[in-house]
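Chain naming follows the written order as A, B and C, and within any one chain the residues start at number 1.
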Amino acid sequence: MIREATGCERRRWAYTRRPVAVVTFLSDYGLEDDFAGVCHGVIATIAPDARIIDVTHGIPRHDVLAGAIVLRRALPFMPAGVHLAVVDPGVGSERRGVALRCAGEKRLLVGPDNGLLTLAAERFGGVVEAVDVGASPFALQHVAASFHGRDVFAPVAAHLALGASLAAAGEPLDPAGLAVLHHSRPEVVAAGVRAHALHADRFGNVSFDADSDDLRRAGIVPGAVLVNGVRGTYATTFADVAPGDLLLYEDSWGAPALAVNRGSAVDALGLEPGAAVAIARDT
Amino acid sequence: MIREATGCERRRWAYTRRPVAVVTFLSDYGLEDDFAGVCHGVIATIAPDARIIDVTHGIPRHDVLAGAIVLRRALPFMPAGVHLAVVDPGVGSERRGVALRCAGEKRLLVGPDNGLLTLAAERFGGVVEAVDVGASPFALQHVAASFHGRDVFAPVAAHLALGASLAAAGEPLDPAGLAVLHHSRPEVVAAGVRAHALHADRFGNVSFDADSDDLRRAGIVPGAVLVNGVRGTYATTFADVAPGDLLLYEDSWGAPALAVNRGSAVDALGLEPGAAVAIARDT
Amino acid sequence: MIREATGCERRRWAYTRRPVAVVTFLSDYGLEDDFAGVCHGVIATIAPDARIIDVTHGIPRHDVLAGAIVLRRALPFMPAGVHLAVVDPGVGSERRGVALRCAGEKRLLVGPDNGLLTLAAERFGGVVEAVDVGASPFALQHVAASFHGRDVFAPVAAHLALGASLAAAGEPLDPAGLAVLHHSRPEVVAAGVRAHALHADRFGNVSFDADSDDLRRAGIVPGAVLVNGVRGTYATTFADVAPGDLLLYEDSWGAPALAVNRGSAVDALGLEPGAAVAIARDT
């Protein structure tokens, strides 16, 4: 039985002594420049006691889907709080900026309304309150057309961390009208599963859009498999295959993924995001 | 009317409840090694309550001008405090190490006396007090010839964050004797503006040494422009030009810059730092 | 007389006002992904007041020796506390996970039992108490086979930072049975020192396994030297040699190292980790 890792289980140990406002922060800003740094500065100016936790700033530039996937899997391991996320190819155009309250765990999400926040919101029970922060009173006085992370989203997140209500942060909007993330879906067919590559980490491990249930329904069980015609093994851990061999495994987030022991599944299979991943039993 | 983004405007919202000593930190150390990390460790050992905010450690190695530009634009978005900056090609030679007090906002700057701090100091009203920290009593007991960031500048910054006076940190020196940053200046000519590339971010957006006033005086107005002979558009935001097209725009720091929508102005124009950037109206 | 830099000397200035639990964190996770970020999240969930200091996450993937060397040299500059380190090529196999108490300064080390922690432990007087945390009650409820950093080591470190005893974190084990790091040793011969490259930083400076005593015993004194047949100078600082020239110097950690002024010793000498480094006087 394969299940998804969840963060809440560890809370049995979380005997917090006093509330500490937490702002987590994910973006595609990288760390070579000062983009992420000045957002930290804006948050710390407004909310000096807030703790800022960087999820990552290494999302590939403008890759909203990759950002949404990483946000969804990472947030359950973050303290509940304000979750700022900015992957924003449409900055300066008409896409809205939003702040959202999720049904579960009092999680607040802040970022562009382009689908980036939707997978994480689903994970926390869906959106129960939403506001458009495009003209937020919390925004910096001068808002640059190209840096809403600094001028809109970071200050909104900081004020929410201070305890401001969502209603104070912007104009109410209907959660049903939030942007939907269009992404690929896997097919279960007689020959196995036809999935699509989603995201690769720096080690060349590749996630795809099928889950463990899809594999099971297709009759893919631990043992020999073919992935795009390449022989591999469906097993538990890297040590189960020889160095250089292909592994299909449940990754640390509870989802099936592809890896090469001491190598790179991206290189071995030539996978780009969106590429077809056909998985079959090797009989 | 184009104006420069300023950080102080947002302070209307900054209802800080108790003072938190802040040390911001910019360098060319990168994050692959432990250089930035051990400076954090030194500061945290001396000033356990200080909040350290990384501006960036991605300044190109030994590029003092790039560091000075990024420091100048980033600090207004940082809480007032101690601003540590280290881009130090002359470490171990005779360049001085300094700590400076700016006229405005009680900002303190700490780093090498090689011009790195000067643009930021101008931004905060100039230097009103300066000390040479080369033999600071706050330095670690053994100072390595090649790592003054760890052994001199970080501990000096930490003690200033604890409330030590500048006078306690080193020997007084005349601010008029501080190193000056020699950098290029733009020319306004009949044909337009002859400027020079300053700094590129990871997205390939390029800043240069002309400001919005220079453009206006040269008659460069929103509309068609030629940049080094390449057709582009002087407009507000990326969405104003087609993907792949060249954009001249006011960047998020309030200064004119060059970009290519979903591309790289560095690549499109073959610009290195210091390269000529000739901007003319395309009539 | 060349001596090793030590962190404790600076403690004369460390007038800490209240204890702040510190967790330092070193890994080979990089920052492109969310691996380091979610470990921060797990620690902050369990120990909201703990201060997390990143040593670096740029250790080359699976390079346990490089991680051990960087940990050893960096920790003396970190506040005493819990020192989490994860470079873990054997995750999911039978290698143990451990938490260790050092003889000196109350330092606690947490990570895989693959030698990563041993050099740092020696630096702090050796291990006086050790536990196997493989089945720690502090681990998250579901432990992924491939991410013990998040699911075992980070929560164990967080609980130790909260004040939990080592005995509560796992099963006692004999420190004598901890994994030993097998690494090369230099030879002092008539012609000089035969050493081996250990680790290069991002600037191409190379450390090797001989220390200053080895050089002295081999009669290598400041002046002209040959390194793998290449002429260089044994001197104090980069400014002592012309740009492009090879320098043998005491690095900022107090150990001999190789550099090229404004260049890269890695490139100049073609050194990989483990490569022979033959140092002789150039007479």
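Assume contacts are C-beta pairs under 8 Å (C-beta built on N, C-alpha and C of every residue); 3 or more make two chains touch, one makes a residue touch a chain.
Predicted model, so just to flag it, every value in this text is computed and none were measured.
K.L.:
Using the definition of touching given at the top, classify the network of chains in this structure as line, ring, star, complete or other.
P.N.:
complete
K.L.:
Answer with same or different: of all residue numbers used at the interface between subunit A and subunit B, are over half used by both copies?
P.N.:
Different: fewer than half of the residue numbers at the subunit A-subunit B interface appear in both copies.
K.L.:
Distance from the CA centroid of subunit A to that of subunit B, rounded to the nearest Å?
P.N.:
Subunit A and subunit B have C-alpha centres separated by 32 Å.
K.L.:
Which residue numbers or ranges of subunit C touch two or more of the other chains?
P.N.:
Touching at least two other chains: 31.
K.L.:
Which of the residues in subunit B end up touching subunit C in this complex?
P.N.:
30-38, 40-42, 44-46, 48-49, 61-62, 89-93, 138, 140-142, 144-147, 150-151, 155, 159
K.L.:
Please give the residue numbers of subunit B that touch subunit A in the complex, ascending.
P.N.:
3, 5-7, 9-18, 20, 22, 24, 26, 31, 51, 53-58, 70, 73-74, 77-79, 201-203, 236-239, 249-254, 262
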